[in-house]
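Read from first to last, the chains carry the letters A, B, C and D; within each, the first residue is number 1.
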């Protein structure tokens, strides 16, 4: 495997930090085949700082495959993934996390037995793990704990630090999912249906949260909720059957005839 | 080693490998389809051998005993599944390990209580007791060849069952998604009970077939268990073909290990396993 | 009962038990002192496995290998007519066990779940055969540790392991040391990651943790601590046999962890007491005691999730629950 | 016996409970001067259960013949089932030595367990009599003044068999055994005896213990074409090997020799395959001596089964102990005097009288036997008054 040290990559990610609107993460002709079937074919995406890029498409369009390739959970069959101009296609999920790519999951993927604070503290600790300090109380490492607390507040979970994650409401667990990504100081957020299963009130809160997160970060949002997507997205890419159908600003997508027939026409409006 | 001897050793390796396949196939089925780790598999082999001994001393006919023993073992497997294993599907592997470890102790003691601790022999049926001369000093027992044939037939039969029958279709579906099978209206509990009972019956059949050439003795299940594990690990969990290839591989490693590097013969099979793990951690034939 | 209170009670209980352990040799004969020492050593062994099973979520069925390797190391380091140097033999045994765990860990940690269980078992069996089949460690009949290690430092003798009582206290100190060490490790950043891996390894990876390295470190550490137990066991009994590495030993220590309740260090020690106690009791009742032992194991799995250390909590819960309902 | 065992374990439990509650548990055995406390540590469960029972029966039969006591002393038994588990060996021995404070430790069958017991006996200076385990080391490098054996070393029957094989005119041989200490010691004995007689061992084959897949090695034997084959197997492995050897057609072309354990208690399970096999051991069926006849008669009357070599070894262990007790008649159990008397004793064994070597192992006749039906009939004396070389014994 092509090895890049974490330090190198942090520099790579940091190099482009200054310029808003600049391409941070680029998917270049990503293809993934399962057996003979192409789940993704030549998918191209660009995530820019300060922008929220939404990925739309009906069930089975290949959205999950795409986000899994970007996060490193699934190796692409062909194509490249770039971060700040560097090829990161062969990095593992853990390595990508360490260079600033954070992801949340469609199915809530937290540590259900831990407190909210410990969930986020573990996430924050990954930035400065210090595993050799085996006689130091992890709770005494203030940089980590502070970062975790800040993320909890930013994700709107202030006051819930002590709750056991698995006992919280679904919406709160989705918020925790975001808080954990924030605690890793990710510059690129890959959010897989953060609104899934939420009530309208919870959704509205989450939409507000997402709007606030854009600043200084590049976000990919995979989402079913049309209203939410059109409310927050700067760019929308529509996928059907594993290929990109159309990509552009929300108005363009809203008015596209292709999208209307291929996607919106299927009764998803 | 001259060429004739070399050929005979290949025959030995294949014959041993096929017997190992028979033992391991039930294990890989239960592993692969039900996700259950079963340490008591060796005990089922032992039970099969003792069953062959007990039934043969009653009926005087091994073939008849096997014909009686298979349904007995199958029923026993179904009973165990109903009593114990059906509670374990939602539990983690650790509890399965412990439960089946406890069962080993129980079966071993029950064996001691009911059958004693003596070594027993089971006669090869008269019609298969002949030998075929291979070289001027060595001949090959027909019964061993017969076992190989039975093992090959079973391998083919299992393949057919899995690929060509409705039961096999359900089993394959069940191994991928329990909920989906249930959604298709298949009685998953019945399906699992059948698979488990089939696994027990296969292990017991291996014990019954091997009884005449291996003799019947306490502790005979233990060594079989670990070698079966090695085979399943090498072959890939749940793969019948994988088990067959792995069993043959182990047959060769064991046979030639004993002859060529007797000092390390005990290690040969484990070294093969270590190498396979380096190459393919999920086994040679792991699907997906 | 609030959590703070219950943790205070737990601490007091631990101290009472420790006081009991310290006082025991004054009352018990040398035989019982040795028996308790043995149980405490097995407690260390069980704690080391609990680090893997209970805290990291790695079900190893080959933990006896590292116990045995350390035992063999001290046997081999002991000259025929002289004692070995304790301060050399102890670290060497622990390092040998840890090194073996590291190398084997490189292989077995490439696998998960059922595979992991089977592969740890198979590798332990391989180590068993190394000691059983080759002349390295005296072969199948085993080997003596002819003299207990010598604790003198440059002529000064702080204690003498030939004295059963002093050896007993050496074991007690080792138990406390391992307990404290593991308690500290588990609240350190490293320990928190292990517990995270047990809860949700995939999530730990996506948070940026190289979980393989953490698991390997835990596996090595657990191997080394099992080595502490193996070393003490060999010193206590003066005899090392390949059977120390057999998979039944691995199964037994796993049973101790479960009986005591995994993910609980004190539970592991309780489990060791309970396991040996049951063994003694059953083998008194009948020579077919393994039947009863097997029955207990099966029953424990089916009816007692959480082990002995969870019993008080479960009983409390039940009592409280009934009160609430009534 | 069971009652006694029950009391022991009760005390064990009391000790543990005592720990938990910090309660003083009073114990410490009451030493009755005229009694002798015998600790029997033998396998009563598992593969060797029948052997442990036979040894116990033999021991008790001699005591019964003496009127229920030894040299006028009442015999109190303490019994531990060693389960043939070496991992528990020292601990089990400690139960007898430290808890029950026996005067003499009698055991056991499994060599690895016996090594663990001997360690305890040496450390605590307890008298020990080994009624079976054949590990050469026990009366070799590990020999000790307080450790005696009434059985054999693995070397002894092996050596005698090698001598006979050479005398029968064989020039070449191949040996085969499990890769474990007993097998290697027996093979060393055979090789020594065979090569001293002018033969040559072509190859020493082994397979991992307790594997029973012999086919590859049978093929190897067939291709080496030796004039004789010597094996060391016991129990289930012995049965399977003899059947496989026969089925491979080798029995007809290459004579098979072995130490006697191959055919002791296994002939029935072998079916016809064992018929005619020649083995060497220190005991046989059809020995023409009065002692053996009376021993067999009374054993089969008492226990409703035929005695075997293990019963003889247990019987002789009791005899040897009596020889020691005779030296301290009515007095204290002075160990030095007992050891001296035991080392000098001539044991009037059913196998034929034997004395002990300097290393405390029997100097005895090894018989050549032939399997006939269920019996191993004596053919001749393979090696008269054979003593183990006891290499490495510094006593």
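What we mean here is this: contacts are C-beta pairs under 8 Å (C-beta built on N, C-alpha and C of every residue); 3 or more make two chains touch, one makes a residue touch a chain.
Just so it is clear, the model here is predicted, and its values are computed rather than measured.
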Graph distance between chain A and chain D, where chains that touch are linked | 2
The larger set of C-beta contacts, choosing between A-C and B-D, lies at B-D
Chain centres from averaged Cα atoms put chain B and chain D apart, in whole Å, by 36
Centroid distance [mean C-alpha coordinates] between chain C and chain A, Å = 42
Rounded to the nearest whole Å, what is the centre-to-centre distance of chain B and chain C, using the mean of the C-alpha atoms as each centre?
-> 33
Which integer distance in Å separates the CA centroid of chain A from that of chain B?
-> 47
In chain D, what residues contact two or more other chains?
-> 45, 179, 208
Could you list the positions in chain B whose residues touch two or more of the other chains?
-> 112, 265-266
Touching two or more other chains, which residues of chain C qualify?
-> 129, 132-133, 288
Every touching pair of chains is listed here as A-C, B-C, B-D, C-D
Residues on chain A engaged by chain C in the complex (per definition of touch) = 71, 73, 92-95, 97-98, 103, 105, 109-114, 118, 121-123, 125-127, 129-139, 141, 144, 180, 184
Give every residue of chain B touching chain C within the complex, in rising order.
-> 31, 35, 37, 84, 87, 91-95, 97-99, 101-106, 108-110, 112-113, 226, 229-230, 232-233, 237, 263-267, 270-271, 273-274, 277-278, 281-283
Touch list for chain B against partner chain D, complex | 1-2, 4-5, 8-9, 12-13, 15-16, 112, 117-121, 123-124, 131, 133, 135, 137-141, 143-144, 213-220, 223, 254-256, 258-259, 262, 265-266
Chain B partner, complex, touching residues on chain C are 53, 59, 61, 107-108, 110-111, 113-115, 117-119, 121-123, 125-126, 129-130, 132-134, 247, 251, 254-255, 258, 262, 288, 290-291, 293-298, 300-302, 305
Residues of chain D touching chain C in their complex?
-> 5-6, 8-10, 12-13, 15-16, 18-25, 27-28, 44-45, 81, 85-87, 89-91, 94-95, 98-99, 111-112, 115-116, 119, 123, 135, 137, 142, 179-182, 184, 208-209
